[in-house]
Structures are given as structure tokens and as C-alpha cells.
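Step one of this worksheet: look at the structure below.
Chain IDs A, B and C follow the sequence of writing; residue 1 opens each chain.
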Amino acid sequence: MASNDKIGTREAVAATIYFLSTKLLISFPQHMAEIGQTAAWIVPAISFATATLGFLVIVALLRRYPGMNIVEASEKAGGPILGVIASLGYFLFFFATTVLLIREFSETVSTALLPRTPLSVIMGVFIIATLVATSMGPEAITRASLVGMPLIIGTLVLLNLLLLPQSNFDTIFPLFGPGIGKIVYGGVVHSGIAGEIMFLCIIAGQLDERHKVQRMGLTSLAVSAVFMIVSTLTYSAVFPYPLSLHIAYPGYESSTLVYMGRFLQRIEVAFVFLWVISACIHLALSGYTATVIIKDMLKLPSHKPLLPAFAILGFTLALVPSDVPQATYIDFMIVKTYGGLVLFAVPLILLLVSRLRGDHNTNRG
Amino acid sequence: MHCTKIVIIAMLITACTVVIGGCWGRTEVDDLALVMAIGLDKGEDNTVYVTLQIAVPRAVASGGAEGGGPSAGGGGAGASLITTMRGRSILGLVDMANTYIDRRLSFVHSKVLIVSEDLARQGLAPYVSELVRFHEIRRTMFLAVAKGTAREFLTENKPVLEQNPAKNLELLTLASRKAGLIPPSQINRFLVEMQSLAEEPLVILAGINKEQQSAKEQAEKQSEGDEKAKAGEGNSTSQPNIPINASDIRYLAGESPSIGGNPVELLGAAVFRGDKMVGEITGEEVRHVLYLRGTFKQGITVVRSTEADDRFVSADLRLARPTQIRIERDGDEFRIKVNVTLEGGLVGSQEDQDYTNPKALRAVEMKLAHEVEKGCKDIIRRAQTEFSSDIFGFGNKARHLTMTWNEWQDLKWSEKFPNADVKVTVQVELRRTGLLFKSPQPSAD
Amino acid sequence: MGLIDMLLQKFISLLSFDPPEDKTEARHNTGVQLDSAVAEKELSEFGQDARSAGQRIKDRRKARSRPSRVQPKRLEGVKPRSGFGFGGSLPAGLTRDTSEISPDIFASETSSEVSPFAGKAGGDEVKPLTESLDENLEIVKRLLHHGTNADVVVREFDIPTEPKTAAAIIFMEGLAGRDAINFSILQPLMLIANLDDDGEADSRLELVKRRLLPGNQVTESNNLRAVIEGILSGTTCLLIDGSDIALSVETRAWEHRGIDKPSAEMVVRGPQEAFNETLRSNLALIRRRMRTPDLITEMLKVGTLSKTDCAILYIEGLTNPQLVDEVRRRISETKSDHIQDTGILEQFIEEKPYVLAPQTLSTERPDRMAAFLAEGYVGIMLDGSPFGLVLPATFWSLLQSAEDYFLRWPFGAFLRVVRILALILAIFLPAIYLALTNFHPEMIPTDLLLAIAASREKVPFPTVTEVLIMEIAIELIREAGIRIPGVIGPTLGIVGALILGQAAVAASIVSPILVVIVAITALGAFAVPNFNMAFAIRLYRFVYILLAAALGFYGVAIGVFIQLVTYVNLKSFGVPYMSPVAPYTRSSGDALFRYPLWKSEIRPSFLEPQQKERQPRISRGWVKEQGKNNRAKSGASKGEENGK
């Protein structure tokens, strides 16, 4: 009966894993191939390793201010101006992610499921679903992710297994694609692909077992990294390097390739069906995160009044990129590149500032 | 409370979408014309002939040709309609087809893409890329090259056992592939191999049985003239004179020594370099390619007996373990060592042998290994000299020799492959002798 | 009629505190609404005027509120009441238990705080009885509307003491048992009172009570209100001249149905008895399964008119007291005139009335109720309702049946899987069919697709219409099957399902595959063990059909997501609905599957029971002993396999 209004450890981990790995379903593997060529699968490994370091920095900052989430801690550490700038940075990352994801998911649905339905309808329905979920608050969303966890794990494992006959693992050679240096650089620069780990620190105030936040983060990072690496590996084995650059919807296209005899084929719709649910969870999570940052920044009592405004804003902005390639380009080459910088470098600066000032918050333990 | 309000609002909106949105994108199944096979033929002036085989559901459901069958279109498989159009792009013609086909064309259930040989020799890249970008086209469609025209193949396809056109083509492909007489060939695979620097595509070869065609022609002639009737009579009493090759499976599509049944067959493969067809290989050669690729499933191999020239031994073989390919680089020289290990059992033997005697079985093994090895060497030689196309995918192993993509590109494997030194060793292990140890023989006296 | 009544009452209740000149009207009107309270008011005012139409309405209402009187025919399980106690139909061994309960009832009756209506209309003002029998009788008669009210029986007689004492008994015919009154009240009082009067008794009342009344429960009271309530619940009130104390003798013996087989929650293996409409026998059924003094049955009254007995059941020292408090709070804060079934009470105390999911679990099985109580749930039983409520309900508990536990665990687990499959089919199958055929024909095997296309060629409607026609038809069959009298019911089911389907196909109104789909869907809904859940599923099905018709699988997926979020956000009595899955809490893995009983060591921790362990880690002690023996024999260390 207790633990009602707190987010349990498992729920938080599940939500973070969802948050981190649902982008597999959109153009993620294709961008990895762009960066890493045949070594596409190494890129997420490096990005996640970098993000882990970044996460440790954030946690260190968080530890200095017990009882606070990262937005409050940033403000406390950096003062009102620096803090607000930092929070705006976080917000922009999550809001841009949400907006672009709405567009990308909608485009995927449009291509895979409803080629003759107007995009705005698909997007509108996505936004309504997101709105319903976000208005119910983080407990509902994180619990939904826990229920949905078997779903994404199941589909990813199943898809990877079903694609085995179609894959040729020789094609991941030459092992280092564009060369070790370029892979490492690409991976580090794109550490923003694991930037959603910040979510844990944003909901830190609501966590049931806040002291475990580091362990929770590391677990989610590790699990998601495995998903990412394995899926990218399968992708590059099914669509070898030059071809892997050409696929617009990698997740969908690989699922269309499932052919296990006469009776087990053409099952991509089932996968997309399950992915839509995952996408909704992801959108709800990122939408919630974006609004709650603003809420904490403006010190509002509830995030709910913000939702309609954000929904309309999101809907409008999602239609701004003129085409799919542009949307995915903005997502991966801009948001996920500079996003990492904002999410991990800013807390580092704040941490240093806070150290220099010798600032601690002990009265709110 | 707040949440429930939102839920209610969401439901209202959904209800609205139902009312408003009912018309988007919804298509009843009986409004669809399901295209089962697409045929592409080369036309004059850079045009293309597109042949579509469309299933007639009523005929399929009522179980056969009688339903709506051959008269419905230009003949062909019982329950389908076959139509041909000429144009410059394939998808442009799809809309055109809807001017005279009353249901909306849908490719979501297409099984086979058949291209004619001359189109394949001209290059398939533009057409295949055009198709795979279209969301209804599945990358798992089978790809076949027809000797002659694709239209002819589709119209001549008169299945007897499986009258459902959808099942017929797929089953044919799967059955033939299981025996290892055609290569696995789906559009996606073709795309991968076409783009790859390490391997070249091998595509199913389809054809119309010549014997059957000539028999048909003969029968027509027979009915025409009386003087020919005598010869015809002779023909019908004795067996038709079918030319045969040295091995029972060394045939190209359309050449198999058979008569009766469905005149179309899938046998052998078309060899490509890039997107262009450069040659064709027989069913037996396909099998050897599969041995070397390590994707052979199971099949019966027949060899001449060691003891008597007119006796044959057949063994059911499968790969005991994946084929091992080792590749060594020495400057610009590549040495490839391939080790094929087959195992299986005797399924038929015309020899008078006691296979409990280890020697006898070893002798058959040796013979089998020898034959397989010879076959492999032959096809490698052909691939290197005649086609200069790495249909075995040795290049995939060569990738391991390089560390970066640039290095691999600079290697230019397609230029190195024809000069590579390939050594094949084959081991055959017979584990069982079928239902008999000894062959039953007539009494000596 | 009901609506007019309601409006009238609303209007009347506004008038009820009108100035004195309107007194007659006000009195008569409040009489409609609250009988005893108003009667007391009358009493205090010494109003003597005759009854008006309101009286008759009241009588009708009273009659309606008593289920036993509305019962059209005598059920076979009904037995004649025997003389002693109320429990004529119960085994003798139960008397002890029930006598334990009944004082509670009386206690709660007398303490005015429990009665939710106490404060209103001056009910606190309780007129004590006087010493004059005539006066007392007059008041009681008037309060009970003796004369107009035909079921009130007043029997005046003399107790042959020296000197004679006038006395009277008042009871309600039908509620009180005839034999009990004849043999344990009237007979001793009238016949043997003159024997052996040693004059030791202080008063006649004491004499009567101590020596002359063999009834097993006798309560003294000089509170008129309690007396009246007692009479209305079936006790017999004995008034003795010269005493201002009324004696309430337990004679409750109204007609009721015997214990029957469960009709909604049938099992093959397991107990075959169900609750009936009598609260006391229901409580006895539960108590028989839990012979612990810690099983508490708290009594409340719900409904201002019906004054239905409502029992809250829990186990002291096990059940989370917060949960009990919450249940108690919600029930006692519920204000309505007529709550006669748990189905009605449920709607007053559930958390979110707008969500389709059932938020309480109703069961008619005493064994199930007992099992839930043992896990730390709270039970509610209502007099007159053969269904008990279990609180809080979780999504998973609504998918469970009592039989799951009576079977060996692999079978029980298998049943669970089958049921979840049934749930999924019942909700989604028509929607999936619709989405597949209308939006995603690529998912259907080619042969099947061609067959569907061929069979649809002559159907003149879009698939949505087809699906809706068939779904509505099946709902009609289901509803008609329940309403159609007796023997024809099952026949109609067959007629409807087989012939209608067949004919619809033959007439090319629907395609044959749809009949298969609708049939499977209907079966799936029937396989869901909880009636409420099955209802929710039937409604959800239509929502999903519409979603699928609009947006195909995308619509269905969005629907699933919204439903998922709604469900995880839902709470039943403070407990998250999807516990123990989301939020994850420790439990014995008893949500989706069922694990071996000896491994299910803990009670569901989302209930936060005071005792977390259901059994020790080593529940099968003999295994250990056997292990010891083995070890002794072989000398090898054999691991103790229990409890891992």
C-alpha cells in the first residue's frame, strides 16, 4: 500500500531501458552504419561507454544535493543563471528528441502500416496517446514500461533470431570499418544516443530508492547497450555495409526480411504493432521528461497545465522538417551529437563550480 | 478524475477518427487483385514488358481450374489471370493496369519476380531498385531468370498438383531449393550480392521443358497429317527419345530429361557479375557451388560404380559441418583452401556388394569424394575463367584479411579472384547403408 | 415510477424541516423516507392522526426491501425453522459461531454512531420506555403502524404469576419463526410460569428472563429504537407490565434459500457450495473454513431505508489495518437509501467509476473468500446478497479461479495461460481480423487471404459492418439466453449460434470465417472467470473494433497503450491495479502463473499484510526428514530441495 507514489527501482530501470533503446526501431542502425561502416556495432558500444562516464558525473553532482533532482541540483550548483541555462539545455535535448521521434515514428507507421492515411492523423493520434500517458504522471508511465518490458525484449530477441538465416556475419569485416580513430571519435561525439540516461536523474526526486540511482543507471545502460550492439550487429549482417546506408527504416525493413518457410513470413506488421506500443512509451517518457524539466525550472506545482501547450507545440514542430531524411539527420547528426555535449559536459562544469564553491546541501537529506 | 476525463476525451476523439477516417486506406480484401508473380521482359527502345499473374480468389477457393481459369486471361495457371503491358517503368504500369483490372493491384503477396534472360544480361539494377523502394514489394520475393521470355514462362506454367498459383510457385521454389539444384535467390540477397565487393549473385534459372514442347508440337503435327501418324504411333508406344547427359542432374532449366506434368521447371542458375548476367550453370554445378558455400542442405548424389561401368551408386549426402574456407594472402596472390565434409548414407546401389565389408563402403566414399571434388574444381575453374565472378563468396573470407574499409576496397577482390589459387579437399563419410547391408542378387545358377 | 418517487423524495426532504403549520405534510413525507426516525419524532410530538398515503408507500417499500418476501416461490432448500435460534437450516455445530456474531449486530444497532443516518431528522432523541404496558404497547404499535401494517403481530397475554402479569409480544410475521415463538416464548410464559415461584427473583422481569424464557439469546433494552429495529429484523419483543425494559428474544427465522451450488464460479474439483442471501449463514460458511478467533466480522449498516447488514471481514493481526480502515471509511461514508446488493455497494465504493475495469472482486464461493482473507484481503458481505466482495482487486486476481489452487500446480498454471489467451482473444480477435483484412492483408497467409476474398465476394457490406452485425448478434443471443424463461434458454443459444450463423453465411450477409472468429471471441469471453471482467472485455472489444476500423493495427496498438497506462494508473483501495507486476512487489509469483504451493511462501506484499509469511520456508517438513535419512544412508550430502 505504500510505495504508491514513488517509482520503484524496477520500474525506473525498465523505463530507462525503454528510453534508451526504443530508437533502435527508427533509423538508428542506419546512422550507426554511416558512422562506423562495417564496424557499425562498435559505435554504440563506445557511445554508451562515454555516456556511462557522463552519467557518473551527473550522479556525482546529484550526490552533492540529496533530495534534489538534477534540475534543482543544477540550479543550486550553478546559481540561477547558469542553472537555468543548464536546465534549458536539458529541456531542449528532450523536447527535440520528443518532437523528432514523433515525426520519425509517425513516418515509420505511415510507411509500414498505413501508407494511405494522412501523416497528421497518425501524428495526432500519437500525440493524444502521449498526452494521456503523460498526464497520468511518471508512476503510470514507468509502470507501463515495466509491463511492456517483455514486449521489447521479446521482439528484439525474436527478430534477431528470426533474421539469423538471412544474416552473414562475415560482412562485419573489415573489423574496424573507417579505422579505429574515426570509430572512437564518432562514438564519443554521438554519446548523445545514450543521453536519455539523464531521465533517471530528472525523476530522482520520485525514486523509491534514490540511493541506488547509480546502480540503476548502470544497469539500464548495460542492458540497453547490449540491445543496441546486438541489433546493430544483426542489422549490419543482414544488410551489409554499402546496403546498410540505403535503408530508410532499418527496423521495419529487417522485419520484412523474416522468411522461415512458407508459414512464417510477412510478419513485420506484428513487429510494428508491438513497436508502436514501445514508441508510445518512449514518447510518453520523453514528453514527460521535457515538461517536468520546465516545471522544475519554473517551480510549478504540477506539470499537467503545461501539457496541452507542449502537445500543440510538438505537433507543429514535428511537421517542420520537410522530409524524412532531414528529420533523421537533425535527430542523429545534430541533437544526438550536441545533445551529449549538453547533457554530460554541463553537469561536469556544474560539478566543478560546485566543488569550487564548496557548496553542499545537507539540510534536505 | 482528471485522468478519466482525458481518457474520455481521447475516446471521443478516437470515435471521431472512426467516423472521419473510415475511408482512409481501408481496402476490403475482395477489392484487391493479388499479384502472385511479376515477369519482366526486355522490350525494344529501352522499354520493358511487365507480365502480372493475378490470382482469381473464387477459382482458388472453389478448388481448381474449372472455376474461372484459363479463359479468364491469357491462359496460364488454372486460377489466375495473366496480363502483359509495355512501358518504361514498372510501377507506372501498375496504375495503368487498373484501367482494365477492376480490383486494386496489390503486390503484398507477390512471390516471384521473373526476368527474361536478355533483360538480365542487360542489367537488373534499375528494375530491382525501382521495385524494392515500393512498400508493397517484398524483399523476400524469389528472383528467377527465365530462358526465353518471362511471359512465356508464366503462361506455360500449368500446375497439376497445386492449382493455387500462390502456392504453386512458392512450393516449386522451395522443393527445388531443398534438393540443392537451384541457389537460394531472393531479391534482398540479389541486392546484397550485387552491391558486395566480395561475392556475386547467383539466380534461379527457369525454363520450359523442351522435350515437352517438342512432344506437344509433334502431337499437333500428328493431328494435322496422316503420314505423320505412323511415326506418332511409334512414339506413343515406345518411350520418347529423350537425350540425356552424363550426370542425372547436369541440366539447365528446360533441358531436363522428362515428359509430362508441368512444363515449366526451375533448374540450374544464372551467374551474375554485378547486376549483369554472364552465364548459366547446371543443376549439378549449383549443387557444387552450395557445397563450397557451405549452405547445401541435403540431396542424392549418384556416382558410377567402381566395379562395373554400367552400375550406379546413389548416396544421400549432407554437409557434416560447415565448409571450411581458409584464405591466405601473399602479396597479390591469394591461396584459398576449401574443405568440404559430407556425410550421409547409401540410398540406392546397383552394385553387387557386401557393404558390411568396410572396404566396399570406403571405395564408394572415395569415389563420391572424388566426384564431388572434381565437380567443385570444375565449377571453380568455370567461375574463374569463364565468368570471373566469385559466386562462392570466398571474398567474404578475404574481408577478414583487412582491417579497414578503405583497405578492403583497395584490395579489389573481384580482380583478384580469377587468379586465386583454390584448393578443394572433399571428405565423404557414409554412416549407413540404407535398409540393406548386401545387395540382393539373382541366384548364380 | 422510480424516478418520480426519487424526485418526490428530493422535494420532500427539502421540506422536512418546515415550520410547524406544515407539520402534517412534513411528517407524512418524512415518513416515506425514514420510518423509524420519523416515528420517533412523531412519538415525541404525540401526533395521533391517522395514516395517509405515505403510510402505504412506506409499507410497500418495506416489503420490497425484504428479499424473502419478494421471492416468488419457495425454493427447495428452504426448511422449516426450528424453535431455537435463527439457525434452523444450519448444522448444530454452528450455533456457537453464530452466537458469537450476533451480539455484534445488536451492539452496532444500539450504538447510534454506526448507523449512517443517525444524525439526521432528530434520531438521537430516544424515548425511554415507561413502566406501563399499555403505554408502551401503544407507542410500539403506533411506530410499527399496527393496524395498517398487516405483518405486525401483537399478542397480548397474561403470565400466570401471582398475581397475573400482563405481557405482550410483538413480532413481524414471516421474519420471526412461528415455532420459536410458540414453544420458547409463549408456552413457558403462559403455562409454566406459575410453577415453582420461590420468589427469589427481584422483579418479574428478572424472573421471566432468568427462568421462563428458554430462548438462546435475550437482550434487554429500554431503547425504543433498538426494540423496533430488532422487531424489523425478526426478533420478538416481549413487553411486561410494570417494567420499562423490553426483552428482545432471538426468533429470526425468515424464509431463505438453502445453500446451493455456485452458479457463476463453477469448478470441477473443489467445494461445491455457494453463498446464499442470508448474511449469517454466509458468515458461517466462511467461519467454518477459518476457525480462528482472529477472523473479525465487523458489522455496519448500509442504506438508510434498507438498513442492510454489512459485514467487513478481515483477520486481526494479519490484514493491513490501514486497508481495513479505508474499507470501513468508504462504507460508512456511503449514504444512500437502498443498498441491497454488493453490486450496488461496489459502485459506491470503487475508485474510478469511469474506467471500465472492475475494481472489486465479487465471489460467490466461501472457499475463495476464505482464501483471499487468508492472504490479507478484506471481504465484504451484505445481507441479501449471495456475492461477497473482495478488496482490493487486482487485474490478475480477476483472471483467477478457485480451481487454480485445487489442481496440481502445472495444471493450474496451464489454466492460467489458457485464460490469458482467452482474454486476449476475446478482446482483440475481431479487431485483429478487421485490421488484417482491411489494412494489412500481407499478414494473412496467401491461401487464407484468397479464401477470405472469395467468400467475401458476395457480401454486400464492409468488413466492419459484418463484424458489428455478428458481434451484436452474439450479444443479443447472450442477453436473450439469460432472459428467456427456463428450459428454452440453452436451446436458444444453440439456435442462435448455429442456425443464425449458418443462415447468415448462406444469405451472404457475413463471410464464414467471421462466424468462426465471433464464436471464438464469445468463447474467450466466457472463459474469463470473473463476470465483471467478462463484461469489461465485451465492451473493450467494441472499442478495439472501432479503433481497428479507423486505423488498423496502429489504432489497436494505441488503444493497447492507453489501456495499459490507464490500468497501471488505476488503484483499488490504494493498491495499484496491476500489482504485483507493475509496480513490482514481492509475491509468490501468483499473477500470471502459479507456482507450486510449497514454494508460495509469502502473502502478496502489495497488501502489506502484518504477517508476510504464509508458511515457513520449509513447508514440507517431511522432505527434510527424508533428506536426512538419505544422507544417513548414502553419506552423501543431499541438498534440501524444499523452499528454493
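Points to keep in mind about this one:
The rule is short, and it goes like this: a contact is a pair of C-beta atoms (placed from the backbone, for glycine too) under 8 Å apart; a residue touches a chain by one contact, two chains touch by 3 or more.
Predicted model, so just to flag it, every value in this text is computed and none were measured.
Taking the mean of each chain's C-alpha atoms, the chain whose centre lies closest to the overall C-alpha mean is A.
Ranked by how far their CA centres sit from the centre of chain B, the chains are topped by C.
One finds 43 Å separating the Cα centroids of chain A and chain B.
In this assembly, the C-alpha centroid of chain B lies 69 Å from the C-alpha centroid of chain C.
Inter-chain spacing, taken between the CA centroids of chain A and chain C, is 49 Å. Listed for chain A are residues 114, 117, 121, 125, 128-129, 132, 136, 266, each touching two or more other chains. Shared contact sites, meaning residues of chain B that touch two or more other chains, fall at 3, 7, 10, 14, 17, 21, 25, 108-109, 138, 167. Contact of a single residue of chain C with at least two other chains is seen at positions 439, 442, 551-552, 555, 562, 566, 569.
Listing the residues of chain B that touch chain C in their complex gives 1, 3-4, 7-8, 10-11, 14-15, 17-18, 21-22, 25-30, 32, 34, 36, 55, 57-58, 60-62, 106, 108-109, 111, 138, 164, 166-167. Partner chain A is touched in their complex by these residues of chain C: 320, 322-323, 436, 439-440, 442-443, 445, 551-558, 560-562, 564-566, 568-569, 571, 574-576, 578, 581-585, 606-608. The touching residues of chain A, counted against chain B in their complex, run 37-38, 111-112, 114-118, 121, 125, 128-129, 131-132, 135-136, 166, 168, 170-171, 173-179, 239-243, 253, 256-259, 261-262, 265-266, 304.
Across the complex, chain C is touched by residues 1-4, 7-8, 10-11, 109, 113-114, 117, 121-122, 125-126, 128-129, 132-133, 136-137, 139-141, 143-144, 146-148, 263, 266-270, 272-274, 276-277, 280-281, 284 of chain A. Of all residues in chain C, those touching chain B in their complex are 352, 354-355, 437-439, 441-442, 446-447, 449-457, 459, 462-464, 543, 546-547, 549-552, 555, 559, 562, 566, 569.
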